[in-house]
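Shown below is the structure under consideration.
Chains: A, B, C, D and E, in written order; residue numbering restarts at 1 for each.
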Amino acid sequence: MKIGTVIGSVWATRKAGCLMGQTFLVVRAGEEELVAADQVGAGRGDRVLLVTGTVASRFCMESPVDAAVVAILDQEEHHVCP
Amino acid sequence: MKIGTVIGSVWATRKAGCLMGQTFLVVRAGEEELVAADQVGAGRGDRVLLVTGTVASRFCMESPVDAAVVAILDQEEHHVCP
Amino acid sequence: MKIGTVIGSVWATRKAGCLMGQTFLVVRAGEEELVAADQVGAGRGDRVLLVTGTVASRFCMESPVDAAVVAILDQEEHHVCP
Amino acid sequence: MKIGTVIGSVWATRKAGCLMGQTFLVVRAGEEELVAADQVGAGRGDRVLLVTGTVASRFCMESPVDAAVVAILDQEEHHVCP
Amino acid sequence: MKIGTVIGSVWATRKAGCLMGQTFLVVRAGEEELVAADQVGAGRGDRVLLVTGTVASRFCMESPVDAAVVAILDQEEHHVCP
């Protein structure tokens, strides 16, 4: 999984039918910017956990997405190795 | 998913049979240039949503592609974090 | 698989239900920082083996994660090729 | 999918049995050099379409490869966005 | 697939049970260093073919690995495009 920050949203009326009902957030994770289906009600500025790849679709009632926001982080503790 | 811009197309007469009937768009997403099967009738210059990996094949009547254009974006709202 | 070093942990109370019961470690592998479900009781500073992608979920009683810590390394022997 | 150019081949007599009967091409796609199972009779210098990841194995009678050359391009039309 | 050179090994006594019986090689492929389950008896210095991702587990009697050494190369022929 990756840690990221929600920085926005995207909207599309012309889209594949199997994406209906999903909310898409723009998430920055390190240098990368991804669009992920929101599974936890995250909002702009939230620090979140992202699942990417095929397994992401299992969070979304099998909607065929390749990235999902699956948790809002309460606490992070990471140290750069000496 | 990734946000990209449609910048062209590719054509191939010599191809694996299971790719018949797919339209292939060239999409630029950040620094990367990908070929994706079009599922929404996108054209050059459109801002689109790309699904990549195995899950992309589920948009394409199980045609074995690894990237699909699955939405044309109406609106994008993303802000660089302060 | 990748070799990494455990550098911390993350906690989330608001998360997808299917992630309950997993412990999430922050692991640095080369230039990359990942969050992985711990399957072996690893702690900060441990050198570990990481499995990434869909196959990681098979270590976690099918919990849909995309990265898992699956071994703590006793010994590493690698040489830069001349 | 990726667009690449066939730049060579590799041969191996000591290999996993399930790879028997596959021809392996070396393909350069952007900065990356990959080995892919040839499904279309491509030769050195051909511009080709590459499928990567699990879905590539579906082109190869389920031979477990992670990259396949699935088309030889007749025409490419892509423009750098202004 | 990727071409790499075996540069070492790793050992772990504390590991997920489903990894028992696998030998893990450290392989350098371009700029990247990976750990892969050996399926062909490769040794240090050998030039090998690496399969990565979910499909790698199909070489390993379904052991859930994400990288496998599946061939030892006899011959490589690749040319930089003019």
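Miscellaneous remarks
As a convention for this text, a residue touches a chain if its C-beta (ideal position, glycine included) is under 8 Å from a C-beta of that chain, and two chains touch if they have at least 3 such contacts.
It should be emphasised that the depicted structure is a prediction, and the values quoted were computed from it without experimental measurement.
The chains in contact with subunit B as well as with subunit D do not exist; no chain meets both.
With rounding to the nearest 5, the Cα superposition of subunit B on subunit E corresponds to a rotation angle of 145 degrees.
Note: centroid distance subunit A to subunit B, computed from Cα atoms, is 19 Å. Subunit A and subunit E have centres, each the mean of its CA atoms, that are 31 Å apart.
Counting partner chains per residue, subunit B shows two or more touched chains at residues 53-54, 56.
If you sketch which chains touch which, the chains form one closed loop in which each chain touches exactly two neighbours.
Beginning with subunit B and continuing to subunit D, the ring of touching chains reads B, D, E, C, A. Subunit C meets subunit E in the complex at residues 1-3, 30, 39-41, 49, 51-56, 58-59, 68, 70-81. Every residue of subunit E that touches subunit C in the complex is listed here, in rising order: 5, 7-16, 18-19, 24, 26, 28, 33-36, 44-45, 53-54, 56-57, 64-67.
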